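Look at the two complexes coming up: chain A is in both, with chain B in one and chain C in the other.
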Partner chain A sequence: MMETGFDVVLALMLLGVGGWSIIARNMMTAVIIFIAYGLLLSLAWVRLHAVDVSLTEAAIGSGATGLLMVIAAHKVAGDSQRVVRLSRGFHVLAAVFATLVAIGIASLAFVLPGAPVSLAAPVLERLPESGLGNPVAGVLFVYRSFDTLLEKVVLLLALIGVWALARDQDWGGVPGLRLFQHPHSVLMLLARTLPPIGFVFAIYMTWAGADVPGGAFQGGTVLAAMWILVMVAGVRRVPRVSSPLLRLAIVAGPLVFLAIGFLGFVAPGVFLAYPDGLAKPLIVVMEVALTLSIAVILGLLIAGPPRAKDSA
Partner chain B sequence: MIPLQAIAETGTTPGGALLVLGIVMPAVALVALIGLGGRAARMIVAAALLFQLYVAVRVALLVAGSATPLAYVVGGFQPPLGITLRADGVSALMMVVSAVIFLGAASFAWKDFAQARGQPEARLSLIFWSALLAMASALNLLFTSTDLFNLYVGLELLTFAAIPVVAIKGGAETLRAALRYLLFAVFGSMLYLFGIVLIYGAYGTLAISAIAAQVQPNAATLAAAGFVTVGLLAKTALFPFHLWLPPAHAGAPAAGSAVLSALVVKGSLFLLMRLWFDTFPSLREPADMQLLAFLGALAVIIGSVTALRQPRLKLLVAYSTVAQIGYMFFVFTLVPKTAGDIVASAAWTGAWLQVVAHAFAKAGMFLAAGLVAEVLGHDRIRDLGGLSARAPLVVLTFAISGLSLMGLPPSGGFSAKFMLLAAALAEGHWVWATVIIAGGVLAGAYVFAVLARMMAAPTKAAELASIGRTRQLIALGLASVSVLMGLMPLHPIAFFEIGRFP
Partner chain C sequence: MADLFTILAVSAGAVLFLAGTLGLLRFPDTLTRLHALTKVDNLGLGLVVLGLLPQLGWLAAAKMLAVWLLVQLSGAVVTQILARSVRGEGES
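So, the complex of A and B:
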């Protein structure tokens, strides 16, 4: 009864906060509400027993995406002349379309065959072979590691896409992250005290991901947040995009992943298969390298393309 | 649910590892390129693309030699838990076509995206070559994967590789084109993803052969097929989802436009054919397929008419892509649900010839358009006069690419359109037959309008830049392939039928 009550309240809050972010007049307000909406959504995922999804929603859906939107809203607000105001009719049309889509999706949930068909049973059945305890990690790094490998390549291309927006003369310079360097600000205090805690937390999340919810993506996001904090506060310099060390950190994850994939050709003879008994140690090595790369890439995606060298 | 053993189809075949290499080696090269920096880019790309061609040719020879598809079970886990790669005749065909066009485009771009000796890394070099490698990897994945989610990853990789190429020149106009492309493509991705979520919910598997074995025409499946189809149409730029294509393809550098128009739009089209012919063959109701063919017909007519009205050459060539894609959608209605007769085979062969002939003709034509813009410093069709005297090879390239687009013999475009036309008439689809002929006439109009301008006397004595002979020959070479394809007998090609799911 208690739980049902919680679910009803959560569902109502989701609808309310979602609606609020749509009708908010000010763009920055809408973005902040959207971030809150993402956090509520991650609670909903916990209630659905999808803790891995919940962590990802909080870290990526709400955190990293929210931060990108804050930056975008800030840039647009500073350039109000170029903001295109859409007509009222367009808003109504969009609302009608979105409502129809929502109704369509909701009704499809009812047309799916009665008993949910799922691969959960076979996934769990063969999980012990790999030595992992978290079935989500099993899907990501054992059964469908090919998807995960290619997704990491997509992440590299996302960074290439952001970097493509730089001007030629600015190339090789420092990303145009806005800095707030005030020696006595709260930000400075946080930038000096939070990172050690965040660092330990990120390592824990990555390490624990093999057996309980967590993993490279969630750990990497926490690490990225810490990195951005110290860069924005000016505790650490923003690196140049052409820095060899930075490049190494970017490709470390995909590189180790590919190497372990090719190792499979040698033993046991299949690409992306693990040698007997070595599955878990190899996956942990891979996750550590991926955590580093994900953290650096997310940080660079938020930092944006390199800007004119003098403004850095 | 079907027991696992029943779903597991063929295991890894000899030579199956080539399929992994075709996808993974460009990714290895990409990682090396970003890690080592743009200065090593061209050498890495050259090695990767040559290897790509080797892999593609080996795959094609193995498929042709054994007349059976190649397969590889990645990680050793059979579907439904794992992912299987599989190359049938059309996969092998497209792998070879894409390897050749990538090599052509890369050689054309060799000087433009060079890196000055002793200078720091240049932005153009890093971005362009990275995107090219990622596109090569993504296309091979789309041509060979048999898992609907793995194919989604391929679509994403292809999209995120194509957009930087559109945005690479900078400037408000290209950025707007890139953003519009991004919005269409992400809309398409979301619909596709939503569709396959429904499919997984209904069948508990993402493997194409397992879905095909148990597919039912229930509401969830039909909705899923609809979502996935509309999503892929948005990415393939079929009318009315074509609005993003012309500014995007016209705004990219010439070598980029060539790859985008010749290959990238074919990636999502390939997946659409996988879907309707291999995943849901039993759902292919004539009325729904007529709708796809109808949109194709509108694309042919409206794309061609709009091409005729373009003031700029690159935009004209881009609108011609919108039109030529339309022809490929006749395959959905011309190959009936119960395939097997000669007419269906002719339509199947015709559609694939159209895909390949258009790829080579359009690659050649975009490269030629790029050279025109370089010689004259602009690409206004009105002021093309005098070009035939100053750059005859470029005009020749444009003309023979045009031959294939119009469908005049001898050319691959002729063979393709002739076989589609023959199938349409044999099955009594006189509407589609009329559109195929009308499209050829309209293509003739826009190609000749440009050629006439190129042959005309110079409008004003303009300063002409010089262009290297090598790049002219590369463009001519690619265009010539589309013409040489016309020398093949007009006959259904057995290679295209190898390994089609029953």
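So, the complex of A and C:
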């Protein structure tokens, strides 16, 4: 009874906050409400016992995406010439199409053909063969590793998309992250005390992901947050996008993933299959490489496209 | 006895959360709003954690204390930065 009450209040708050972020007139207000919405959504995932999804929602959906949107809203607000005022008709049209999409998705959920076939039992039955204890990690790296591989490549494409916004003469320079450098600032204190703790926590999250909720994405996001903090406070400089070491870190995850995928041709004979008994160690190697790449890519996504002004 | 302590401490924490939220909504300017919010981070969360300690094993209790300390650290820093930027003392 108590729990139903909590769920109902949570669902109502989600609807209310979601609606509020749509009708908010100020862009920055809408973004901040969206971040709160993401945090509420991660609570909802916990209530559905999907802790892995909840962690990802809080880290990526609310944290990283929220930060990207704050930066975007700030840039648009500071550049009033480029703000495009849309006509009322356009707003109505957008609302109609968005509503149609929402109705379409909702009606699909209601007309699902019969009871969906659950593969949960067979997955759990054979999970121990992979050496993993967390069924989510099992699905990501054993049953659906091809999807996971493509997911990481999409992240890489997103970074290329951000870099493509650079002007030609700025290419190869330092990303235009806004810094808060001040030798005696309190941010400096945070940037010096928090990273060691965050580093240990990120490694723990990645390592524990094999058996309990966590994994490369969550650990990578914590690492990215620490890196951004260090860069913004000016403890370490933002690297040039042309740095070979940086690029190696970006592609390390997908490369190791592909290499292990092709290794599957040699041993069991299928792409992305693991040789007998080596599944767990290979997955751990992949997770470590992916954590590094995810952290660096997320950090660079937030740092933005290279800008010539600071590259000297 | 432990349960009574938990109920009292967590309730007191919840009251501080409520008061802090009211302050955030009703206080006139940024500095006073920050003042209201720091009580939530500090005492509100602190009382909730304190109240839950008797219900937990020592490892979980240590984790809860670590969460509280980390919130203290980030809360203090973010409040400082916000307040300084409001007073126009650089940093931005």
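Operating definition for what follows: the second predicted complex is superposed on the first by the 278 of 312 C-alpha atoms of A that agree within 3 Å, B and C clash if a C-alpha of one lies under 4 Å from a C-alpha of the other, contacts with A are read in each partner's own complex, and residues count from 1 in each chain.
Note that contacts are C-beta pairs under 8 Å (C-beta built on N, C-alpha and C of every residue); 3 or more make two chains touch, one makes a residue touch a chain.
The model shown is predicted, which means the values in this text are computed figures rather than measured ones.
Undergrad: With both complexes superposed on chain A, which partner does A:T193 reach: first (chain B), second (chain C), both or neither?
TA: Second partner only.
Undergrad: Who does A:I71 touch here: chain B (first), chain C (second), both, or neither?
TA: Neither chain B nor chain C is touched by A:I71.
Undergrad: With both complexes overlaid on chain A, does A:L39 touch chain B (first), chain C (second), both or neither?
TA: So A:L39 meets neither chain B nor chain C here.
Undergrad: After the superposition on A, what does A:S118 contact: first (chain B), second (chain C), both or neither?
TA: First partner only, chain B.
Undergrad: Is A:A273 in contact with chain B, with chain C, with both, or with neither (first, second, both, neither)?
TA: first
Undergrad: According to the stated criteria, A:L157 is in contact with first (chain B), second (chain C), both, or neither; which is it?
TA: First partner only, chain B.
Undergrad: Along chain B, where are the residues that touch chain A in the complex?
TA: 1, 4, 12, 17, 20, 23-24, 27-28, 30-31, 34-37, 72-77, 80-83, 120-124, 126-127, 130-131, 134, 137, 141, 149-150, 153-154, 156-157, 160-161, 163-164, 167-168, 170, 175, 194, 198, 200-205, 218-220, 223
Undergrad: Under the stated contact criterion, what part of chain C meets chain A in this complex?
TA: For this pair, the touching residues of chain C are 70, 73-74, 76-77, 80-81, 90-92.
Undergrad: Show me the residue ranges of chain A that touch chain C in the complex, using the header's touch definition.
TA: Touching chain C: residues 180, 182, 185-187, 189-190, 193-194, 197 of chain A.
Undergrad: Which positions of chain A touch chain B when the two form their complex?
TA: 104-105, 108, 111-113, 116-119, 122-123, 126, 142-147, 149-151, 153-154, 156-158, 160-161, 163-168, 171-172, 242, 244, 247-248, 250-251, 254-255, 258, 261, 264-265, 268, 270-273
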